[in-house]
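Chain naming follows the written order as A, B, C and D, and within any one chain the residues start at number 1.
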């Protein structure tokens, strides 16, 4: 088995734990690779073990950090490599274990005593082409100028679903349903549901409602505001300005995100965390 | 082919149209049966054609009325007989055609030019036994005294999903998602989603959120308020008071509701109606 | 100075503390009276000191309990006697001190080192007559049958404000804005605002919104559902069924509720408690 | 009496009506001045009557346009000149009459048969200095990067009211309560209430609620996100980027906006328009 190790760059505790994980796995006889950005902030790893995330070909990536770190890894890796997340963030909807459980978790992993939790991702097509990362959480189409509404229509499987004047539109996976989509009024979506949440962000019309559509749907967005650019934000990580004339289309990606889990528990695991959001 | 005909009892226009439908189908050579309650309010049907809904064995039931009339038919029929709904209500989320399209729709039906839209229903078990109707829209567990909260816990597949102090809890099918569940803050659920909405009704805790769980889930509710009875309301049609000590369990029913449809359109058909709710 | 003492009846700790307060005040040389219901659950007070709440003429009432106990006292007393609330409930939006601060607070009270916080109340007129208690929190007009909507119109100063189909309508003081009105989606209303929150409860129309109107307004409610009685609930304490034909009118009461406070703090005192609601 | 005339620049119908109003008032013997921007789009007014808005000293300004046009006039004029708004926008919360009532309204105005509706405005201080326009609708403190939350605390009269991670914070007058604040979940605030709505925009914490505080309050905002600039947007008209280190303070302005009204009606005038928002 080969492992990758990535840590949150702005937290020394995370970097140190990453080094201990790296050391433990090396000593246990495995090949271990480290993300150069992690190395940059903690230059104690062997230089020969550095491999950029987009070239990493390993069996598992151990990510020490918060949900943001996992999203960063997801956006950079090219293959659906299973991720074991060790929580060094706040709530940790995506991470699986707390720091004190790290080596216990690694042992279970090495013994094969785990389960792979596959999560759907969303792929965005701009004028028919996909050249932006897949979303594990959400695709957000936002007004280019905060406070100025964007006027748009969106279609589900070619049928007009709604026309909204709002700060934007959030299109979210079940994984992302506890994030931005929930701030916009969307529901919690059980990860076992093969569905997508669509939620307008601060819409003018009080009758605009979040909806849940099949993950097999094609969601097409057309911008009616012609005078300013819009923003496409993916997972709060990738940002780009787009002309209002583009045709945006969002569909389930052929790729999945794979998480190493030690239990199949959904409740109260995620719903408890919702209550702790702050 | 055999037909059943049922009309909304409080609207003469609906009763008259029911008679014209009955007459048209008889003249066309079919066996047609009429609900005795419809007859009671419009005693022009042949007495020999009267058959109570719970004994009707026909190929299609033509329902002239609103969503309430369809729910009443659903609660009384014993088999999953396809329903063609002619809208004599307000919005008509369940009905398929407007009154002026009636005979056009009947012709398409007779020619076989239609499609059957199957909708899931929810079955409620009280202390392990099911002796209440299946819900096409929603199962509502409500405080027995309006204005006094009920304190309850609910579990999804044996995991604690939430503990709420509220006016009640709405457990809704996709079909019911535009009804009571939406008034409680729930999302629109595309009918193609095999899911269930769970929405607390006016919860004290501001962090309690509607959720969408797989339709294959078992939802168990335990009442913690011990001093007063609760109400179980199914589809706004069937009501019963229950002791707070009962164990309530809700699961997908083996039965389905079948609707005759002339198109597979979902958008904007349903989402437009949401905006017209008043 | 004369004192009244009232305790929550279902909590021995509260009853015991009430006795200690009673004893302390007696020993300090004051006249102290006790609510007979408190005596009934803790028969150690002198029988000669028993005076029913509706006959109590004292300078201060010390209430040991939760918000419900204070609301019960408010509904029974005939004069606007200042209340010092000692929190033996959960959040205690109305109470001023925690049990461990009791004697410290009593000393400040005896030394005159306090401030009176006057809160508005709402008076309800049914067909022009007032024979129900004033509301310190809210007047709720509710469907008589949970799960069946009530259809009503309400007018502010004779102008039609909204027509709603809902589980009911909440008319709340600033004091009550953290209670039932907030569960219905209403805002937090600073107690210094001379206003009233009107919030529909689970309305069918998604465009129905909570509103805040001047406390000098007359709010008239007309019920359009003619087939079943409605419920009038005041502060979750007083309940009555009413014919749908009654004319209900709600106005600011000439009475106020007076609370003994030791600081004029509003923030974060109340807003912190909102976050702890569960 | 002297008049000013201003029209929406992008609608020929509005410009033409402005000319007819100008002509009618001139013929009636009044001094009439025209905004140069209106002239630029419709160069038929006498050049000698051109006076920039910030130098206009007239008794009334007739504004032909939507709410945006009125907000533009408000931001530019230096004195609290009464405005008569003729609706050439969509809903027209601020305008008083429809185009077909124009000359009827002008006659009433000349006869003195009207009433002045004074509305409060909000003044914003940045590091203690006010150099931005007053807000008739709202002051919005927004994330500089759409989709990236801003973390802030806000204080009411020096007490911490809430700490939020959100897309921003809306601080709104009663006039603005039907606008951006309502999209953020805020209530309708009757214009007679001397209060301010504070509403977080898409907050992460589900327990963050809109609140209504006295208009006499000082609202202080401190930004905890240190890495990026924020946006201050006033009435959707004035925009500026600010360093996260600034101290922002919002208070009621000494200035008011004055509207010419022909009735004191509040209901259903404004509440009906809420339902028509789209």
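Just so we're on the same page, a contact is a pair of C-beta atoms (placed from the backbone, for glycine too) under 8 Å apart; a residue touches a chain by one contact, two chains touch by 3 or more.
Quick caveat: nothing in here was measured; it's all calculated off a predicted structure.
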Using C-alpha centroids, which chain lies at the maximum separation from chain A?
C
A-B compared against B-D, more contacting pairs:
A-B
Whole-Å separation of chain centres (CA-atom averages), chain B against chain D:
47
Measuring from the mean C-alpha position of chain A to the mean C-alpha position of chain D, what distance in angstrom results?
39
Taking the mean of the C-alpha atoms as each chain's centre, how many Å separate chain A from chain B?
37
Multi-chain contacts only, two chains or more: what residues does chain D have there?
182, 205-207, 209, 274-275, 277
Using the contact definition from the top, classify how the chains connect: line, ring, star, complete or other.
complete
Report the residues of chain D in contact with chain B in the complex, numbered from low to high.
205-207, 209
In the complex of these two chains, what residues of chain D are touching chain C?
155-157, 159-162, 182, 185-190, 192-193, 195, 197, 205, 207-214, 217, 265-269, 271, 274-275, 277
Chain D partner contacts - residues on chain A that touch it in the complex:
140, 142-148, 163, 165-168, 180, 182-184, 201-206, 231, 233, 236, 239, 274-275, 277-278
